[in-house]
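Working notes for the structure below.
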Amino acid sequence: MNSSESELASQLITLLAAGMLVIQLLMVVQRMLLTSIRLFALQSLMLAGIAAIVAFFHNNAIHVYWVAGLTLIGKVFFLPWLLNRLVRRIQIDQEIAPLLNSTASMLLCGGFTLLGYIVARPFTSLERLGNNTLAIAITLLLTGFFLMFNRRKAITQVLALLTVENGVMLAAVALTSYGMPLVVELGIFFDVMVAVMVLGILVYRIRETFSSMDVSKLSQLKG
Amino acid sequence: MMLLIPILLAPAAAGLFCLLARSRPAMGLANMLAFGVTVGLGVMLLRKVIEPPYVVTEFEEFFRADSLSAWMVLLISVVSLGTSLYAGQYFRRDLAAGVVTAGRVKEFFVLTPLFATGMFLVVLANNLGVMWFALEATALSSVLLVALYNRKTSLEAAWKYVMLGSLGLALALFGTVFTYAAAVNKDSAMPSFNWSHLMSVAGQLDPRMIKLAFVFVLVGYGTKAGLAPMHTWLPDAHSEAPSPTSAMLSGVSLKVALYALLRFHILTTACLGSSFSRTMLLVFGLGSMCLAAPFILVQTNLKRLLAYSSLEHVGLICVGIGLNSPVTIFGALLHMGYHALTKPVLFFAAGNIHQSCHTLQMRLIGPGIAKLLPVTAVCMGLAAVAATGLPPFGLFFSEMTVLNGGFAAGHTFVSTVVLAALLAAFCGILYQLTRILLGVPKIVRTKDVAPSAGAPAMGLMLAALLVFSIWLPEPLLQVMKRAAGIIGGK
Amino acid sequence: MMFSVLAIMLQTALLLALAPLISGCIKNWKAKLQNRRGPPVWQPYFDLAKFLRKDMVISEHASWIFRAVPYVLFISTLLAGLMVPMVSVSAPLSLFGGALAFVGLLALGRFFLALGGLDAASAFGGMGSSREMTIAAVTEPALMLAIFTVAIAADKSTNLSQMLIAAQGPTWKLLNPAHVLAFAALFIVLLAETGRIPIDNPATHLELTMIHEAMILEYSGRYLALVEWSASVKQLVLMALLANIFFPIGIATDSSAASLGLSLGWFMAKLLALAGAVVLVETTNAKLRLFRVPDLLSAAFILATLALLSTFLFQ
Amino acid sequence: MNLPSPTLFLQLALCAYGFGVVASLLAIRWEKFANGIGFGSATVAAVFGIGAALTGLTSGPGNGVESFALWPSLIPYLQLTVKLDPLGAFFVLIVSVLALALSIYSFGYVRGFYGRKNVGILAAFYNALLLATTLVFTASNAFFFLIAWEIMALTAYCLVSFEHEKPETRNAGVLYFIMSHVGTGCLILGFLLLFQAAGGQAPGDYGFETFRTLGDKLSPGRRDAAFLLFLVGFGIKAGIVPLHIWLPVAHPVAPSNISALLSGVLIKTGIYGLTRVLFDFMGTPPNWWGVTVLTIGTVSAVLGVLYALMEHDLKRLLAYHSIENIGIILMGLGAALMFLHTNHPVLATLALIAGLYHTMNHAIFKALLFLGAGAVLHATHTRNMEEMGGLIKRMPTTAFCFLVGAVAISALPPLNGFVSEWLTYQALLQGFGTTDSLVRIMFPLSGAMLALTGALAAACFVKAFGITFLAQPRSDHAAQAHEVAPTMLAGMGLLTAACIFLGLFPTLFLKLFNPLTVQLLGQPLPGFLSEADGWVLGNTQEMGGTVSTLGIALMGICLLPVPLVLWLFFGRRTKVRIGPTWDCGLKGLTPQMEYTATGFSKPIRMIFKALFLPRREVQREYDYSPYFAKNLHFESHIEEAFVTRLYRPLNRGILRFSRRMRGLQAGSIQAYLIYIFITLLLLLMFAL
């Protein structure tokens, strides 16, 4: 890999990573459930793109194509489809109903982004591909976290969890320049799939039992 | 001879068999058989790891067992065996009472071996990434077990368990990725992600990255291990799961998560050479112990009481490891073992009480369980005596060992806090259990539970506890000492 | 050996013979001071003789305790008396016990007397026992503290003869504040222990005020004689203790007949003087209400404490 | 004579107790058999225990008293070593003598449980308790000591809760066990401090041998901290004020043979511990240790007896007296500590012996009284003294035994209580000269308080014996009472004999203390203690006070002819007539007219009103005139100020705090997520 190629790859990756962050912030202010799912798909697409770029520009990272492909299939097509189906099937109200209003949420998320950069700062020299991807990964984690506790609906929490997962994958690719060993990647991928299915089952059962998707009603167990 | 792969295969096979089988007794039997086999294999593994070269590896070092893993394997298999002994009768009564459907029972018999397989994989995997997804697998398989009764509360508990657990595991994955990143060298080819390899190059890892990784791993696996303040799912899940599952969760699942944390702790200490990770463990351990105490004192739900007691014990184990003298680590490992033998008995007894009284509210249960369910009451009393750290049961010895080591190493203040927290927990458990076990039953209830229900499982575990309290076979001692050496960085 | 047996017999005789006389004197003088003629000084002797000859009525509810009480009381009081030096510095039983055994023996007698009061199932007996034990309890600390004060002056010996020897020694001063205060304390104790006004009225049979008399209400005949006699022996013994320890004048230090005789004279004089003091107190004071009695006795306790403090504050 | 070694005796005793535990559990379904084998083996074990203690105390040093390990140790620092040293042997003597009497008593007593409660379990726990207690006294490793200590507490809890059908019993058990466990926590910390000072490295660093070498090498701060911890830890077990509140609650609710064991032996383990730690391990004490112990002893003695007086529950009354007597014992120990500080080893010997002698005495007479109370309970089925009366005619032997116990505990000559209190008085009196500081005023004041205690105890036992056994029965239960089984009487008789023996022959018994004082204070028994060929109990100084209880008793018998002669001389012809008690001319006395226990102690309640804070409620109902009440309802309560002002608010505070804490787990998953988030943020900010 010569330096100009490396430079190009780095810029592309940074660009896509920034895109992921922007989408994450859009999800924070988004109120419609189905739109959120689509946004997630788009974010996953960008992740897949990053993986593909890494695989393309790096010499001994052929297996990262696998990552890109699996992400594409799993997170861009399969999971959004599954969630869409779930939403339609149990006829969830489209409104998301966050706890904090969007202004406050945006302010907080801005703070998280700052924090992510502060935490990642000592490690920028370690990043082999792209600048600030680690910071973005950590920010994705923090904002994903925030999404989880700022939403009332069970299914939005699942979505938030998935964005956190995206953050991990971004970090995995960005920090190591060729991702994790294949067996690990595969394991993680299938785990995520199974997790979403299990969560789906639970969401379904909760909807049946509580006739609501509001997790703040899940508060009988105390003390 | 292969040892590690059979340990993994036996329960997995039992799970598959149950998926296909139709007869419920056969399912129960398959479970028992599988765990019986793993106990045997565990003992063989134990004998093997105390001889040079002290490590068993298989499948090109993909699976690796040292003394610490062997000790965990033994705990997992013993608790699983006890659970499978108890579960058959337990679900027969549940079915008779119409609380669960046959499909759900089948779910239990399929998922429990898978749960166990996941735990075995955690402790036998050499690759840290594999360890992570094995742990995720245990979480996912146990979520459905927690939700087995499909009550409102059990769904709630399962939801909290899976959300918090998955989030924790996502954080742990972050940490795992960072660890891997610390090992990546610009020029070399893809490094191995095996723990043994990382340990061998520990000195060359990037210390800042390792530190960051440990923070994420601590919060992540700490959530799964139930360290305060990430423990909030624990009482919910433990109290709402069917009692056999509660026993597995409390008896070993927490410790398996702790095991994963320990592997990172060892690595971090080897890399940093400082007390960073052990101080963290100490702080979180102490926090868990202190937090559990007030909840125990004013608890109203029997199984939540037991769950908080587990929190307390996990905290103590962390403190023992955090104090980081050979004696305290030995004490902590010993504590793991004794706790694994004790807590399931308590949950089994609680299960019997639950089935008999149809509630877990201690206000409604007591008084007079001793008259109603004598065997259950005696087992519960004995196990409670053990769990509160009274001799002649082993938890007293292990607690004292931790305290002794703490004082010998000069950690007077920490040890004093530990002692105070243990005292508070004792007061709560004593008060609550006296209230429900002794006395005269207020009303004569219909006896849904045979007087000797669960006696084999409880009796066997108590007998094992008592025997191992006053007599530790040399190989066990050896394995614990070696494991303590591994954790202590020797 | 022979000598000590003789001493024991002589002192026993002295105790038994002298005790009713002191009681008689007190009664007679008190009457005189109140402008009454009063019973003759010898009246107690006649009473005892009469009681001894009378038939007894014993309560149907009473047990063997009731019958044992007079003997236990009588003997324990005599034993206590034998430990107190009277006309010779060495009391016959001084080796067998000092001040502590003396107090203990008196308490033993009181213990059984109180049981005897309860045994007859009468409310009066119970009332008497209750009050007697209460007053004894509040008296005891003052008594013990006073004894400690005196014992400390006698080189920390509780042997009564030792105390006496120390009191006779050159270090003793009559007006030593410690001794004065201790004497005052012990004098109050004496009034309490012997059931004198202002604590108890020995002459009353008014149901609600009697203490000692209430306890022995059911006794008659020779039992009553023994109880009454014990009471007066106790009074004698306590007075002897006070007289000899605080005014150790003229006590025989050897066993020649002359010195013993002289000593007996002095002893009688001191006793009668003390009796006079008791009479004065009795006639000039009214009986206190029961619940005011502790005030008086705590005053005794404070006096004794001051006595103790002064042993090292004024040296 | 060539006796077997004490160690062998001890091993036999331990085996017999152990056998008793196992055999009773095996015989759990056959209650008569369980009774026989359980208490039978305890009897045998007790005999062996007495043998061990006596041979251990009478044979000189270095003859067969060796330490042996019960079991090989596997845990670091734990050594299960047992050694019968003189101090341990003395306490083994106490527990064994009591075990002998109690086991014999129990044969008859537990028959009352047949068909109602499981005798096998009772016998098993009884044996286990005795086994654990014996091990507490003989363990020579602190870790092992703590194990035995905890097992002892646990078995005691089980025995206290034996009749758990009553809520008060359950509450009592819980209170006892919680307090006991707090005490154990203090002990663990205390021993850990010593262990730490010993280096904490060698495997034997928990051994008493190692602790013994610490002594003055301890730093002052550590030593003082350890002292306070031990004082609280052992003090809770011993029942010192203000850590005593469990004692009057827990002791009465146990079966009476167990109550006797609890009051007789179990609280003495606290005394044993204090003696062991303060005199054996901790070197020369600073002055304030002795002052503290002496003060606590004095306060416990006075308050214990005052609260006892207010009780009309016979067993609670006895339990409060245990507090009192522990106080008296501590006076001796406290004085001994002060003498050690001022370097008066001979006086320290006297004071220590006074305390330990009283320990023995209290064990004997308190057990005797509890057994008596048990017999009464057995016969009348009530513990309330207001429902008793007249039992002396129905249960003459029990009454006699109880009377002996009552005289002994009231410290009246010539019984054993008097002897040990006499020694305590002497020690306090001598103490006045040991120092010039103002602290010396403590000694006589304590002596005065001891006198108050003794007098109040006498008052209390006049009440206890008089109301229970004398006069007319106050209820049908009492009227129908019968004398109890011969084995029960035999058990009481044994203790009665012991009371008398220890009272009359103190100089014989004192010889046993010689190895003990040599061990603890390096000082043989002072020669003056035994005068006139052992007839007279002396003092540590030549011209000091002396006493001879034997002499007093014999002299009393010699004086007996005096009243008899008088009687023969004057009134041979007098007649004795049995008649009714004088009833003021009414229609005869009824039991309602008798003095009650509450009435008996009323004057004392009034005098110490400020202390008792009695609450009384009077409700009158009038018909037509305010002078003639139709109905009168009177209630009077006394609750200990320690409970109402100290423990109850403390308990409430802890519970309130805990309930607040529960708010953390309010059920909202969002909140839980925030906890994790904040933890992560904090760690990221601070840890990196």
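Note that the chains are named A, B, C and D in the order they appear, and that numbering of residues resets to 1 at the start of each chain.
Rule of thumb we're sticking to: a contact is a pair of C-beta atoms (placed from the backbone, for glycine too) under 8 Å apart; a residue touches a chain by one contact, two chains touch by 3 or more.
Predicted model only: the values in this text are computed from it and were never measured.
Colleague: Give the identifier of the chain nearest to the protein's overall CA centre, each chain being represented by its own CA mean.
Modeller: So the chain sitting closest to the middle is D.
Colleague: Express in whole angstrom the distance between the two chain centres, defined as the mean CA positions of chain A and chain B.
Modeller: 31
Colleague: How many angstrom lie between the centres of chain A and chain C, each centre taken as the mean Cα position?
Modeller: Those two chain centres are 101 Å apart.
Colleague: Distance between chain A and chain D based on Cα centroids, please, to the nearest Å.
Modeller: Taking the mean C-alpha position of each chain, the two centres sit 70 Å apart.
Colleague: Rounded to the nearest whole Å, what is the centre-to-centre distance of chain C and chain D, using the mean of the C-alpha atoms as each centre?
Modeller: Those two chain centres are 35 Å apart.
Colleague: Which positions in chain D touch two or more other chains at once?
Modeller: 662, 665, 669, 671, 673, 676, 680, 684, 688
Colleague: Do you know which chain A residues sit against two or more other chains?
Modeller: 119, 145, 148, 157, 215, 218-221, 223
Colleague: Pull out all the chain pairs that touch, please.
Modeller: Applying the touch criterion to every chain pair yields A-B, A-D, B-D, C-D.
Colleague: Sort out for me which residues of chain B touch chain D in the complex.
Modeller: Chain B residues touching chain D: 159-160, 163-164, 167-168, 171, 208, 211-212, 215-216, 218-219, 223, 229-230, 232-233, 235, 276, 280, 291, 293-295, 297-298, 327, 330, 334, 367, 370, 385, 390-392, 396-397, 400-401, 403-405, 407-410, 412, 415-416, 419-420, 422-423, 426-427, 430-431, 434-435, 438-440, 470-472, 477.
Colleague: For the complex, which residues does chain A have touching chain D?
Modeller: Residue positions touching the partner: 99, 115, 119, 142, 145-146, 148-150, 157, 215-216, 218-223.
Colleague: Applying the document's contact rule, which stretches of chain D touch chain C when the two form their complex?
Modeller: Going by the criterion above, the answer is residues 389-390, 392-393, 399, 403, 407, 410-413, 418, 422, 425-426, 429-430, 432-433, 440-441, 444-445, 447-452, 454-456, 458-459, 461-463, 465-467, 469-472, 531-532, 536, 539, 541, 543-548, 551-552, 555-556, 559-560, 562-563, 566-567, 570-571, 574-583, 589, 591, 593-595, 599-604, 606-607.
Colleague: Which residues of chain B touch chain A once you look at their complex with the stated criterion?
Modeller: Listed in rising order, the residues of chain B that touch chain A are 127, 129-130, 132-133, 136-137, 140, 143-144, 147, 150-153, 155-160, 162-163, 166-167, 170-171, 173-174, 177-178, 180-181, 184, 186, 189-190, 193, 206, 208-209, 212, 235-236, 239-240, 295, 298-301, 304.
Colleague: Can you tell me which positions in chain C touch chain D when the two form their complex?
Modeller: Per the stated touch rule, the residues are 8, 12, 16, 49, 52-61, 63-65, 70-71, 74-76, 78-79, 82, 93, 95-101, 103-105, 107-108, 110-111, 114-115, 118-127, 129-131, 133-134, 136-145, 148-149, 151-152, 155-159, 162, 217-218, 221-222, 225-226, 290-291, 294, 301, 304-305, 308-309, 312.
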